[in-house]
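Per-chain residue numbering starts at 1, and chain names A, B, C and D are given in the order in which the chains are listed.
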Amino acid sequence: MGAAPFPVPTGSLLALGALLFCIGLFGALTKRNLIIVLVSIELMLNAANINLVTFSRLGVAPSLSGQVFSLFTMTVAAAEIAVGLALLLALFRLRKTSEVKDLNIHKW
Amino acid sequence: MVQYAWLVPFLPLVAYVFLLVLGRKAAEGLVAGVSVILTAVSFVLSLFIFQAVGNNPHGNNTYVFHWLTVGNRVFDVGFQVTHLNALMLVVVTLVSTLVFLFSKGYMHKDDRFPVFYQYLNLFVFSMLALVISLNLLQLYIFWEMVGLCSYLLVGFWYFKPEAALAAKKSFIVTRIGDTGMFAGIVLLFLATGSFDYSTIFSAVAHGTLHIGWLSNNGVITLTALLIFAGAVGKSAQFPLHVWLPDAMEGPTPVSALIHAATMVAAGVYLVARTFPLFQASTGATTTVAWIGAITALMASLIALTQRDIKRVIAYSTMSQLGYMMMALGVGAYAYGIFHLMTHAFFKALLFLAAGSVIHAVDTQDLFEMGGLRKKMPVTTYTFLAGALALAGIVPFAGFWSKDDILSATLQSGHPVLYWFGLIAAFCTAFYIFRVFFLTFTGKPRVEEKYEHAHEGSWVMKLPLVVLAVFATIAGFFNSPVNHYGLERYLFADFASGTAGVVVKENVGLMAFSVAVGLLGILLAALMYWRPAFGGEKLSKALSIPYIISFRKFFFDEIYTFVIVGGGKVIAAIVDFVDRYIIDGIVSLLSWIGSVFGTMLKYTQDGQVQTYSAIAAFGVLIFIAIAVFTVGGVL
Amino acid sequence: MSLSFWLVAAPLIAAVLLLVLPKMGGAASRGLAIVGTLVSLVLAIVMWLSFPSGSTGFEFIGKIHWFTLPAMWHGTDLSVGLSFGVDGLSLPLAAMTAFISVLAMAGAKRDIDRPRLYYFWLSMVTAGLLGVFAALDLFTFLVALEVTLFGSFFLIQLFGRPGSPKAAIKFLIYRGFATVAMLVALVGIAYGLTGAYSHSGISGNLSFSIPTMLNEAHHLSSGILPAGVAGALLLVLLLGVFIEEAFVPFHTWLPTTHEYADTPTNMVIGGLLTKTGAYVLLRFGVGMLPAQIQHYGMLIAVFGVINILYGAFAAWAQKDWRRLIAFGGISHMGLVLLGIASFSAAGLQGAMFMIVSSGLLTALLFFLTGAIEDRTNTVQLKDLGGLSKAMPMISGFLLVAALGSLGLPLTSGFISEIQAFIGGFTAYPAASFVGLGGLILSAVYLLYAIQKTTFGPTAKLAEGLSDATAREYLPTILLTAFVLLIGIYPNLIGHLFGLSVQGLLGIGG
Amino acid sequence: MNFVWSWPVIAFYIIALLTLCCGVIMLSVRKVIYMALTIGGVFIGASALYFLLGADFVGVAQILIYAGAITILIMFAIMLTNHEATEPGFKWSPKNIAAAIGSVLLAVVLLLAIRSTAWPTATTSQTALDGGNSNPMAIGLVMFKGYAIPFELVSILLIVALVGAVILAKERKEDE
């Protein structure tokens, strides 16, 4: 089409995604509150979404599929957070806690 | 007649089965009666066979049955009656019959009287079957069977710890020799493809024995020595002699039958039976002669000082068996067998007489007896006959056979062995008359034992008398009187009509050995009958030799320490290795496994974040590998 | 359906019925199990009597196709089936299995907990053992082997003495390893003989059929299967056999197992289960890799002698009858190795006799010591003594068993020993001479134990005890009878073994 | 890399900076409720990025689902549970150190990989991708033509999640 190339370098977009993913990972591994752990996981999913959308526009073979996939991801994320939070509520009701370290019934 | 030879061992077997069926509660009279009668029938049969074989020396004497196939080889069983075998049949059945009769009195009121007769019948069957075995395999089978019977009978009074130990010892010590014999038989089979005597002898004659890894001469010497090992064990020759004295823990009739007249002579019989094999190897015959001579001398030296009447006679047996071995070793085939026969009579007699004494005074210690001549005249005079025979005093049986052996030794060019034999003969005369004087003459040493001493019933006296007769006259079976009939009878087994040395009469030598015997008796009389000088004093003067003799050259102690102790140490080491090293390694492996498991267990802390951290690391590693191996990253 | 199929199936059906039928009491359970095994015994006898004379191959073959593994080797399918049949080697062993199992069941104590479960596992093990001996398909064989493994494991674990679970685990792990090693070796041999290097070319039809494998080994000229491959296969097989058979130094599971298992289990394990390894060595080692057996003969012979002496010395040091019998068995089986190593008719036949002889005698010894333990509550030598007084019959039979075990002539032990040594002296004289020590030592340890047990003053705990009961006479007398029968008339089983030996040596020659 | 200063570039860096800041703040604040708020910022930043890339529909969906629904849901969850909860300060426990090292290493590896790859320069405009239609319409076409079955499956998933969440969260009598 002769249009000018997208001015933001692909690498920068991917780097943002990678950094967000690592932040989310760190949070998921270290935070003690179960809600925050779930939130961190959402953050990781989001980072993946950024990559999907980036590649849909800037990849080797640009296509709308990337965007469609990101939509699916969001749906799954929504389902996940809904079930996750429901579990959390049930757990809180049972154990009066929402801390990850208390969920250790499988300890050796 | 010869084809019925199987009946001879079969009748005692019938008696055995019959007694087995009768059980443990059978009446003594019935048990003993059946045994005596059947054995007596066997004896009569044996006499007929003896005569038949003599009349028709080259007739068919072999009967074969098929037993087992190994590859393309066939093991046969059957029986064969050579002149040697026929003689053995007669001797064994005669002594057995008399011992059966004697036991009726001796074992009277024993709890297990029928069992005793069961065992004895089984023994007689095995012994007779051994004697007429067709081949070495069959001989080995019955060889072990008589060993088993010996074990059972030595341990007959199982509740006595000494009897239990003695039974075990007798079996194991003979087993050592038997194992060698087993190997010898196997090697002969490999070399000739047969266990049959005839095949083996013809192979020896043709020098065609051959095993892949051993030459003809090697096979002959090796197998002869291995078979001799069996004979050494069974005949209680040095160095496997230690079991025989202990075996005296068994009832005295057992000692008379098994440990004097028959089973222990089986070793001599074995060497005689395989005589051509031994003759083919100088090394083997020399070994046999020396072992025999050493045993004869050593045993007679030990017998000088023993206090137990049965042990003295046991050592005497050992010594006499040594003579027989020496005879076979120097090639005096006929005289070894001749002595075997005479010895069977006079030694059975001595044992039974000793049994009669023990039965009367209820002790075996010579120094608790004395003066029994007045109370037990029959026993005294029969014992005297046996003692004179043993001492080799003319004209008693032992004189003829022993003197033949000594002459043959000298004649075959073994002066050293001759002197061994002569010294042993002196000792023999001394110790047996030491026993005689201590037991039957002088004053009673323990009054109460003397008080209730009495002669046994006729069942005990009759065998003594019969045996005394034989001990007196048996020597004439091979004497100028019948032109050395036995010698000629035995030589008929050999195609050449003769075997080994044939003794030429030498009156000087005869007189000399009789003089030696008389000297021994004189010394014994001086010390124990009419104490001219105190035996005590002499004992003190010779205290060190006395102790060596009294403690039997310390063989028991040495064996106990070196062999039994060594074996136990090895066993303990093996057990230790097994429990702590081999099983220890196994336990170590399982411990390592469990340590790893425990370590891994602690990673399961139940924290989701720990698990996901580990998973993240895993992913990181995979990403890193993927990224860096693609290249161009760094 | 062939006889050999029902031979294996009968105890299996009994086991299934035991599981399915409701409300089975102790007597009914035992009865059902005995009937199942008795059928096998009768079938074995029928086959024995009607075994074609002169046949060196398998008879009474029965096959069921099970499933097909597609394209296993160069596009050919591998057919896997349940296939059974017997030859001169396996028929006596199968008969012995049924015989000893029936006697173990019949002689079992009446007051067992959970009798249904007990007889179920006993029947399973019997079926497994019969399957091992009668299998004509590698797959069938391995499945049967696993059945014996797990069956015995549960017998030890659930019905043993206190502390038995640990012994059971040891048993399971050891024999599990053995099974793995044998599986690797046997599948390797199958690939080698029928697949990669068959005489019909490199793309031969891969087959798990044992007769086919034997046939290939028979036709294979020695050069085709590379010696290195075949040697490696044999060494792996030997490893498996050594563990399976409890050969030094892989034996420590056996004494432990015997120490903790109960009497019928000990009879089955000591008398039968420890004979499968020797059977494997004869069937697969000698039958399929004869050249390698000869090549490694010295190794096998040396191991045999080590076993003979080690087992004997270790037995001497034992203070517990059961461990003593276990080590005695190890010593016996060393002679099997010596016989096999010699690779001669006499040696192989001696090894086969020894398997049967050791099986019968071990079972008998375990049964009798079990009977003693039922009365005195101990089998420690130091606590026993003078049992002849209270129980002359048990003591007498114990003596007979010991004498058979030490190889007294006219017992089966002697027949085995003499043949094995005839073989051994042909090929490995030095090793055989050393091995003779075992003959002496066996007398030492057995008579020592006998002296401590039945001779001597009557021990306090032995006073007033009763002699054998009818339940105990049956197995004792029958086992003793067969020990003596084989000793007196060895051709009874010798003619079958002889056929098998001819078949085996036909390959090597 | 020839770096051209243009408005989209400037906008990208501002958006990226804000997003990362929100992320880092989320990690560092201690009150749970603030964390939930900052994550909203991250979600909005991402949607801005989508708009910048021309993915209008995805951007809108991001605001609706993430910034709207999910953030609110999280708020509710916090309120329903221990809403006073505070996260304790970061401790250099071995586990945390391991997590930090892992995260940093992952970032390093990824950034290295990104840096060393020669990314193609995109010449396709969003319009061309949309094939002349509006972006939502183009996505709709792709979704219902190419991804009909996944779409339906996702809808089933949502229903299952919905019902499941209701059942899980419902107070049961035996709990009381």
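Definition applied: contacts are C-beta pairs under 8 Å (C-beta built on N, C-alpha and C of every residue); 3 or more make two chains touch, one makes a residue touch a chain.
Each chain and its UniProt protein: A = NADH-quinone oxidoreductase subunit K; B = NADH:ubiquinone oxidoreductase subunit L; D = NADH-quinone oxidoreductase subunit J.
Quick caveat, the model's predicted, so the values are computed rather than measured.
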Closest chain to the centre of mass proxy, which here is the mean CA position: C
Would you say A-D or B-D is joined by more C-beta pairs in contact? A-D
Suppose each chain is reduced to the average of its Cα coordinates; what separation in Å results between chain A and chain C? 64
In whole angstrom, how far does the Cα centroid of chain B sit from the Cα centroid of chain D? 102
For the pair chain A and chain D, the C-alpha centroid-to-centroid distance in angstrom is 5
Per the centroid of Cα atoms for each chain, what is the distance between chain B and chain C, given in Å? 37
Two-or-more-chain contact residues of chain D, please, as numbers and ranges. 95, 99, 102-103, 106, 110
The positions of chain C in contact with two or more other chains are none
Sequence positions of chain A contacting 2 or more other chains: 25, 29-30
Contacting chain pairs - touch in the sense defined above: A-B, A-D, B-C, B-D
Chain A touches which residues of chain B in the complex? 601-602, 604-609, 612-613, 616
Could you list, by residue number, the parts of chain B that touch chain D in their complex? 609-610, 613, 616-617, 619-620, 623-624, 627, 632-634
Which bits of chain B are touching chain C when the two form their complex? 24, 66-73, 137, 140-145, 148, 151, 155, 158-159, 161, 163-165, 167-168, 171-172, 175-176, 178-180, 182-183, 186-187, 189-190, 211-214, 567-568, 570-572, 574-575, 578, 582-583, 586, 590
Mind pulling up the chain A residues that touch chain B in the complex? 25, 28-30, 37, 100-101, 103-108
Sort out for me which residues of chain D touch chain B in the complex. 95, 98-99, 102-103, 105-106, 109-110, 112-113, 116
